[in-house]
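In the part that follows, the structures are each spelled out as structure tokens.
There are two complexes below, and they share chain A, which is joined by chain B in the first and by chain C in the second.
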Partner chain A sequence: MKEVRILGIETSCDETAVAVVENGHRVLANLVSSQIDVHRRFGGVVPEVASRKHIEVIASLVDGALKEAGMAAQEIDAVAVTYTPGLIGALLVGVSFAKAYAYGLGKPLIGVDHLEAHIYANFLTEEPPIFPAVCLVVSGGHTSLLYMRDHRCFEMLGQTRDDAAGEAFDKVARFLGLGYPGGPAVQKAAQSGTAGIYRLPRVYLERDDYEFSFSGLKTATINLWNKLKKNGEEAAVNDLAAEFQEALVDVLVEKTINAARRKEVEQILLAGGVAANARLRERITQEADKIGAAVRIPPPALCTDNAAMVACAGYYQYLEGDFAGLDLNAFPQLGLAVQKTCG
Partner chain B sequence: MLILSIDTATPVAGVALVDDRKTCYEALANTGYKHSRTLLQMIDVSFQQTGYTLHDVDVIAVTIGPGSFTGLRIGLAAAKGLALAAGKAIIGIPTLDAIAHNLGWSRDLICPMLNARKGEVYTSFYHGGTRLTEYQALSPDNLVKTARRVMEQTGCSTVTFLGDGVNEYLSLLQESLGDAVVSLPGYWLPRVSAVGSLAADRWRRGQVDDVFGLTPIYVRKSEAEVRMSRLEGGGELGVNDQRDEAQGP
Partner chain C sequence: MKDLRITVDSSDKMIALGEILSLELRPGDRLLLKGDLGAGKTTLVKGIARGLGFGGVVTSPTFTIMQVYLGRLPIYHLDFYRLDDRDLDGDEWEESYYGDGVTLIEWPRENVAPGDIIIEIEVMDLDYDSPRLVRLSVPADRERILEVLKKHADLEY
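Showing the complex of A and B:
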């Protein structure tokens, strides 16, 4: 069979990313231009600032990715781009560029759902996951638990009702003055603290479903900190960070393990930036072991936003001939495009 | 020499094919901000209608602002994508220059003004083919002040106002400037063929832009940056908060 090479483009949030992936798993180039330093002074991602950075770097990244892959643009078989969900202005840079680029090359265009792309980061390997699987996507924008029956065939089991897990990390880190981005900052503080010294709620753990809520946990953390300060107690920020992380991880792990057990899957796929969290990795691996399931986690660089995962998801759409037209648009929330009927 | 010109800076989307000095094809869609959906389709139709292909094009010309932040990026991203894919040159044309070029024959002072929300217009003054002032966002009061100053400077007794800002501010301008205000409604719309003809001039002089380095002329900082610089004590005069990012495609 002829090699299929997909150029992936990702601009849904604060990373401009371009990648070339061959046959859905061989990463020939994977470039990311991070804006973390730009947004750090604002304490979070500023949509207009993010969009401005995307347009500045996108053309150079595409050029750079092709050079790294050692390919001419004409050797690409299709252009895949994230079109939902994300920041609308940011998505539009990638979508507008990708449409014109595909048109200019005379190659097919593929519109990719960012959530689906995160899951497909697990397929960027010689040994792809085994179906069916349960997938937990946790990032600054998502907390979603899905059942994946086959390629491109998902059932949404549950999502967050309010803040995404990564968002809760960011907000708590900002409040506690730990820095930005919040995930790594909280994890670092938690490593020199002890969970259980303070006590925070495991929100929704009592519910026998797959819904999440992290806004209450965030508020409880902030309230506890304020109370300790008011009482003049010597409050240990590291212990509080550890308890916050543990409370969040407890809920993620238990609900995911429940789903894996009930759906009788052999594998659990983690995805998204929060999947890089060491405590989550450790706990979910332990618990999965108890029910005889294996946990798969992409390497950290493929957990956070990147375009290799977009190209990989695009490859499976390419095989199905699921192409986009010249009228492809960007959508901030599509209510999960991947939730489609499976054949 | 064939130029494909693109304009999505305002609610009017435009695509033109300009062959040297002759406009072969021009389409305008005054349908509001639907550019993300329609732009590539409009480009495709322009080729179908004329029989040209992207292969025949020498230069991709695009308006680079001021204008809607999102609109500017849709046009520029598309222009970069086409230029990079097909190995074509790219030329960015300031939006206000293109609108003023509609009246290139006029000896009058010309003032294109684009609705910039927040009670301001993006504007600049032109005379005899030369731009006299910076691209800036001005309140009607400051626009009137600038108009008076530029009239005195050039000895012109009237100013011709163009662009979609005229709709909103014409009566206000007439109150302050009286008979000095000329408006030619037929020339208000941005014409993307003018973008092509300005790009042709630059092409002849060998002034092409860098496909990697070309960025929009926003005129305004983002709202967050403005707020940040206020917090940091750097007062910003004449720069208003603006939620352009809230605007849809």
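Showing the complex of A and C:
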């Protein structure tokens, strides 16, 4: 069988990323031009600045990825690009570039859903996951629990009603003065602290569904800190960080395990930047073990935004002949591809 | 500018306030929502979006920067929490304004344009279990917004 090589392009938010993946699992090149330096200088993700930075680096990243893969552009079989969800201006850079590149080469174009791509990071291995599976996507912008029946066949079980898990990490870290990015900062503080000394709510745990809410946990953390300060008590930031992390992880783990048990799946797939959190990895692995399920977590570089996952998701669309026209548009809102019904 | 202060003692009432407020909003309006983390800005947006006929879930746009909800009018929900003061000078600030719908900005910059509606939500005594003090400032020709809110019996003033 002929090898299938997909060029993946990702520009939905902070990172410009380009990758070449062969047969859906062999990563030949995976380049990420992090804008974190730019953001640190500017203090955040500026929509216009982010778009301009994507434009500045995308062409050289594509050249660099092809060079690293040892290929000529013509040897690519298709161009896959994230078209939803994300920041509209940022998405448009990747989509416009991919359209022009695919058209120029006379190769098919594939539009990929960013959330689906995160899950597909678990398929960048010689031993792909087993269906059906339950997938937890946790990042700065997403907290979604999905049931994956087969390739490209997802059922959305639940999502956050307010803040994403990674956002709660970032905001609590900033409030407590722990630094940026918030996930690693809280984790580090928590390692020197003890959960349970302070008590924070496990929001929505009493609800027998798969919805999440982390805004209340964020508020409760801030409120507890303010009250300790007001009462002149010695407030131990590490203990509070540990309790915050534990409360957040408790909810993620219990809801995911409930879904895995009820859906009788053998595997749980973690995805997104928060999947790099050590406490989450430890707890979910322990609990999954109790119900005889295995947890799969991509290596950290494939948990955060990257284009290898886009090329991988694109490969399975390629196999199905699910190509996009040159009228492919960027769509900022969540919820197109993952809500489709399965054939 | 005309002012009104309202005490809101639950998130349900914050949503109700948003729904009532939405009745007076029209295309081109831009609302600047100020307040500390957890004050209730996104909760107020949930009410405004619901009042404008959007039936879906409104989540925090902190990471996405902007979300669009299609109600009776398009609702542009922006969040500049991750942005720095220097980021949104001039053009970039002006671009955060959409004439065909209602623009709601959390963590706005200090630049205020004529016509902006400003909503400040204060957590009293920094105690999140206590009510919120909501201060609305509207341009003189939009005083009707305050009249309508005053009329609503469920909200205490």
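Rule of thumb we're sticking to: the second predicted complex is superposed on the first by the 337 of 343 C-alpha atoms of A that agree within 3 Å, B and C clash if a C-alpha of one lies under 4 Å from a C-alpha of the other, contacts with A are read in each partner's own complex, and residues count from 1 in each chain.
Throughout what follows, contacts are C-beta pairs under 8 Å (C-beta built on N, C-alpha and C of every residue); 3 or more make two chains touch, one makes a residue touch a chain.
As the structure is a prediction and not an experimental result, all values here were calculated from the model.
When both complexes are overlaid on chain A, the residue A:S192 reaches neither chain B nor chain C. In the superposition on chain A, A:R52 makes contact with chain B only, not with chain C. Judged by the touch definition given at the top, the superposed model places A:K171 against chain C, while chain B stays out of reach. In the superposition on chain A, contact of A:T160 is made with chain C only, not with chain B. Of the two partner chains placed by the overlay, only chain C lies in contact with A:C13; chain B stays clear of it. Contacts of A:I88 after superposition: both chain B and chain C are touched. Contacts of A:Q286 after superposition: neither chain B nor chain C is touched. On chain A, the surface patch touched by chain B in one complex and by chain C in the other comprises residues 42, 46-49, 87-88.
Contacts from chain A toward chain C in the complex involve residues 13, 39, 42-49, 85-88, 139-141, 159-164, 166-167, 170-171, 175, 215, 218-220, 222-223, 226-227, 230, 332-333.
Touching chain A in their complex are the following residues of chain C: 36-38, 42, 57, 59-60, 62-68, 80-88, 91-92, 95, 126-129. Within the complex, the chain B residues that touch chain A are 36-41, 43-44, 54, 69-70, 73-86, 211-212, 215-216, 218, 222-225, 228, 244-245, 248-249. Residues 41-42, 46-49, 51-52, 54-56, 58-60, 62-63, 73, 87-89, 92-105, 326-327, 329-330 of chain A touch chain B in their complex.
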